[in-house]
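Both complexes below contain chain A, partnered by chain B and then by chain C.
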Partner chain A sequence: MSPDTHRDRTLPILGAVLLAVIVFGPLLPKWALFLLTIALAKGLVSLGLMLQLRAGLVSFGQALYYCIGGYTAGSLGRFFDISDMLLQMICGAFAAAFVALILGFLLARYRGIFYGLLSMALSMILYGLLAKSESLGSTDGINILPSTVFGIRPAQEWVRYVVIVTGCSVAVLATALVHRYLKTPLGRLAPAIKDNEIRVEYMGASVRRAIHVKYVIAAALSGIGGALAATAVGHIDPDMAYWTTSGEFIFIAILAGTRSVVAPFLGAVIFGIIHTTAFDLSPNTWQMTLGISLLLVIVFLPEGLWSLFGRRKAA
Partner chain B sequence: MRNLRNLATAVAAALALSPVSVLAQDAAPVKIGVVAFLSGPAASPFGVPARNAAELVIELMNAGKAPAPYDTKGFGGSKIETVIIDESGGTTTQVTEFRNLVQRHNVDLVIGYVSSGSCVGIAPVAEELKKLTNFFDCGTPRIFEDASYKYVFRTSPTSTMDNVAAAMYLKDIKPKMKSFAGINQNYAWGQDSWGDFEASMKHFFPKIEVKTSQMPKLFAGQYNTEISTLLGAKADVIHSSFYDGDLEALLLQASPRGLFKKSTGVLTAGETIMHKLAKQVPDGTILGARGPFGPYAPDNVYNKWFVKEFEARYQVPPTYPSYQMAQAIMGVKLAWEKAQAANGGKRPSNEQVAAALENSTFEGPGGVVKMAIGKGHQAIMETAYGLSKVVGGKVTVTKVKRYPAEKVNPPEGVKAADWIAGGFKQ
Partner chain C sequence: MAVVLDARDLNKHFGAVTAAMNVSAAIEQDSVVGLIGTNGAGKTTFINMITGYIKPDTGSIVFNGRDITALAPRDITRIGICRSFQIPQLYASLTVFENMMVGLGVVLHNAGLGGFFSRGRPNVPGYDAPAQEVAERILERFGLSDYRDKNAQVLPGGVRKLLDIALTMAAKPSILLLDEPTSGVSAEEKFGMMEMVMAAVKAEGATVLFVEHDMEVVSRFAQRVLAFYDGRIIADAAPEIALADPEVKRYVVGGELHRMDEEQGKANA
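Up next is the complex of A and B:
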């Protein structure tokens, strides 16, 4: 199971994905570019969820940081006239990480259902606050400025391409860093924490600190994802923090599996495709289609879609 | 290598799942994207009645069975096709699906959106994609106040009108009232409705006392605490912009405690449930229909046609979302045909249809619709209020008063909030 026993292809894969987006991006239809951009944003959040899942923790409130990222991007535009999407993503990451750093002191003490429900409660508090703030558009939300990169506003024809290339570069960089982190001693603790916390403590590591660090990294990733989604969609609303949004991320994380940092992105793309196909083919029962596909994955691929690629190792 | 093959299989599977993109249209049908809630709590009161109206009206238009001037087949002789999409899933989903409608399905125009959040989010995207989009139901006046659009329209009046007219109606029938209270859902619609109503009341009744404003959470379902507070407040009038399920729950819970017998209810969206709850609506409750729809619809040929066909097909009378959808399609049809005539009988471009719809006036089952504000992109209509009266087990309305469109809507270029604060200057 250990990723080191054979050659690790994660970094080349990430590079290839970025290259593919740059080269093939202009050939794809615009709707597909948008779908992929949203998948990228959701994949980042799910990557954060995956970090926690590896330690046996399920957050039902990852949307909290997705929303913080989105509203940070929106506020930069509304109050400071900043529409640069790189800046928005960086600020989104820092804002989310900062909040997570503080809340982490509380959350790192809980496990299991308590961790899940507490994280969900925190995100619903943000939802409630935003729904009451009429200056930020209440539940209707607000529009955010059209995306720019390095002060340049791309032409209408190219804006979707520029957004996805910029988003993908940031996502690939962040994912590579996460991959690197997973190879550090602190990163490797996750499965051990999941298996036996007491043993980890006996070895001299602090479980609480390890979880706290994971929580902050996950939040930063979600913050980037939120800011990317906000600038791509052009609109933010409190629904970004609603528990059903968190549910979507869990759906993607389960669909993808936790074996590789690339898995959440594949999961998000597949989720996007199933979602839009279901919307198309059965506008009245699309939720059922989504549910059935998740059930099928859980029954036949309990370790997620990524196990399609790794099965040989187990054999 | 096997990894690569697996990857290829997965990609192939993903591609197989993705919908086949439809070939670009060759002159023949006009493709309309129709978006409304088909799931969730807003489906039964708004989305489904609207979708039903869309299916009915489009079918009749395709058969050439609508009254003149809507009697040409389809849109200017071209058959209408629809792509129906659920409005659930949040703004990100809606923006994604809007782009899919335009860029994958190549729809010619989009008619839809119940939620103001969807409308706020979609408007700039419609503009980016240069796609004619007509919002049929959402209420917030912000859309055309915060920005101006070339391709975005709304053929229904804003929610400002509902609450301003409610205050005017109270001034007409209860000039001596001394106090009022409110119960509204704690989200944008409820907050805006109460804000507009409160400000209008303070203008018409300078000495009025505001007893209490209850803001329970959306779709809470349980209102006994709020009902107790409202009973204790003893206000002359209670304002509520509740609709459907929440309104039903409120009335069912308030009825045994006699709340709306002690204080007159002003239910600005009361029409959504008036056919269901005859026993729970005490006589004399003020009912609104968000415009001249349902019981307030004028006695014109379009209304007779629409009600007859709707009841024949769905066995229930149409409520206001159905009316709004019908007039949204009718307005666009006229503009399309006008643009087509100006284009020498050839299929008009989105720009030409938009130009024809701008500042246009047309008549539908709810009466005259004037695209008079928001630089000719936002409709104004007259509106009406009346008192409920149960006759033979059915709720009807009496003492109906009608208010002309210009009296209950802000003039061009004035924000609704400023117009109310400035004392309704025309």
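Up next is the complex of A and C:
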């Protein structure tokens, strides 16, 4: 917005993260690679949520596009015998973006609680449809074909590493593009939309169109995330669209705040650690630990994790 | 001078309430027009119809030969008709400079500049300078440079008004509609503020319509006055003529005094 008074380190950070994954990935245990891959996938979805949050919109149904991404990846394998994870992520992004392009005409008309609940209703409709769809495995879901990259199937001990490096490459590229978008006039419109839609319209911009664009970008990111998660887990089921899954993404987005495009990934890693640890220590009350964590974040870090790293770190 | 904006027979009803009745006015280029009238007389309705916020039931609005009656507010802004508000409409969480940059960003975006693949610092259409320089220049003209990095929500009332008007300048308007630019500003500051606003607006060459309740301000700054009463224009003339009009004196200028006289008369009776 104003001339940058600090150096924007977002792209170097993204590059460093990718490099770290490539270099240190082989040293990490498989379970850690798996957790990080899932964190990447959820981080992508939460990045999409962040785009909407910046404009003052909370989607309680982002799992809709996470699920579409996952089922696109699954369907490519089941019906077309396509196991290339890059292709799965690209198709997941396009399928989700296409659905969002259509639903966006409806969603972009609503604000506040109506936007949130309508988005949740749409995701629950998909959940219901998938739960009744026998060709897609009904409530049991379907398995994903073993991943390949550019037609090559990695050896069993390298699968997790290849998946995370491929996923991280795509995530870094997508995040860099979002970062670039946020620096365009349309991207910078988000806080203005949150503050005063009337003024935005009287400056000559279409609020509805700006929200529609953000909604489609968020869906594409979620589609990539869903396809990546499906590849990593090797299985998809309708729970990917369930409202509690959307709740996880909101948890991560609140944890991350809206100041940086890197924050959702950090938030997703921390969420993964809290979730895994809480479940390990107390399988019956892990939700309580998550709830207390969220409470602490809201009370002590109202602007999310990134507020720890300085007041004015821009996206 | 050439007519730049032509409102023809505008009518607007809200249920049983008549907000505009056969309102017609041809606004000449580079003129400064004062809109006067008591509350509810139809001044803001007139501005709202011109800027597309509400649509007239009948009648048309023509801008530079183009019928703009059905256009949305953003489209009307894009063709060069901008407005300020009685209650300033700002981006409260952003600084004064950021407020300006959002506006200039929209102008760049609408001009096909500053998009995803753009590089460098494109010039803002109409200003021939990059957005940062234009923002600084406009802020300076409106005396807002000292508030540059302050959040809009902590600004004093008069400064908020000025920023609201400064924001309209981002789109380099050819017609500017100011809705009560001095309301909420102390009597001592009104003239200084209007001097500054008019100087800044005229420096960019815009036709101005402003709603005002202070007749001294109207006399001093308007070249022409449109007096509204009960949804109609009851006088359309130079200030010295319009303000001396018996109807205007009765219903607009002296409305308050007239009512007080009537009340006094009843009390004495």
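Here, the second predicted complex is superposed on the first by the 307 of 315 C-alpha atoms of A that agree within 3 Å, B and C clash if a C-alpha of one lies under 4 Å from a C-alpha of the other, contacts with A are read in each partner's own complex, and residues count from 1 in each chain.
In this text, a residue touches a chain if its C-beta (ideal position, glycine included) is under 8 Å from a C-beta of that chain, and two chains touch if they have at least 3 such contacts.
What you see is a predicted model, and the numbers here were worked out from it, not measured in a lab.
A.B. asks: For A:Ser206, decide between first (touching chain B), second (touching chain C), both and neither.
C.D. replies: In the superposed model, A:Ser206 contacts chain C only, not chain B.
A.B. asks: Could you look at A:Lys30 and tell me whether it touches chain B, chain C, both or neither (first, second, both, neither)?
C.D. replies: A:Lys30 contacts chain B only, not chain C.
A.B. asks: Give one of first, second, both or neither to describe whether A:Ser169 is in contact with chain B, with chain C, with both, or with none.
C.D. replies: neither
A.B. asks: Does the superposition put A:Ile198 against chain B (first), chain C (second), both, or neither?
C.D. replies: Second partner only, chain C.
A.B. asks: According to the stated criteria, A:Pro283 is in contact with first (chain B), second (chain C), both, or neither; which is it?
C.D. replies: A:Pro283 contacts chain B only, not chain C.
A.B. asks: Looking at chain A, which partner touches more of its residues: chain C or chain B?
C.D. replies: Touching more residues of chain A than the other partner does is B.
A.B. asks: Between chain B (first) and chain C (second), which, if any, makes contact with A:Leu308: first, second, both or neither?
C.D. replies: In the superposed model, A:Leu308 contacts chain B only, not chain C.
A.B. asks: Kindly classify A:Arg188 by the partners it touches after superposition: chain B alone (first), chain C alone (second), both, or neither?
C.D. replies: Only chain C; A:Arg188 stays clear of chain B.
A.B. asks: Touching residues of chain B toward chain A in the complex: what are they?
C.D. replies: 2-3, 6-7, 9-10, 14, 17-19, 21, 38-39, 84-86, 89-93, 95-97, 99-100, 102-104, 115-117, 120-121, 123-125, 128, 140, 142, 146-147, 186-189, 191, 218
A.B. asks: Which residues of chain A touch chain C once you look at their complex with the stated criterion?
C.D. replies: Result: residues 1-3, 180-181, 184-186, 188-189, 191-192, 194-196, 198-206 of chain A touch chain C.
A.B. asks: Per the contact definition, I'd like the list of chain A residues that touch chain B in the complex.
C.D. replies: Against chain B, chain A makes touches at 9, 29-31, 34-35, 38, 131-132, 134, 137-143, 146, 156, 159, 229, 233-235, 237, 239-240, 242, 244-245, 266, 269-270, 272-277, 279-281, 283-284, 286-287, 305, 308-309, 312.
A.B. asks: What residues of chain C sit close enough to touch chain A in their complex?
C.D. replies: Residue list for chain C touching chain A: 51, 72-75, 77-78, 82-83, 85, 89-95, 97-98, 101-103, 105-110, 114-116, 118, 132, 149, 167-168, 170-171.
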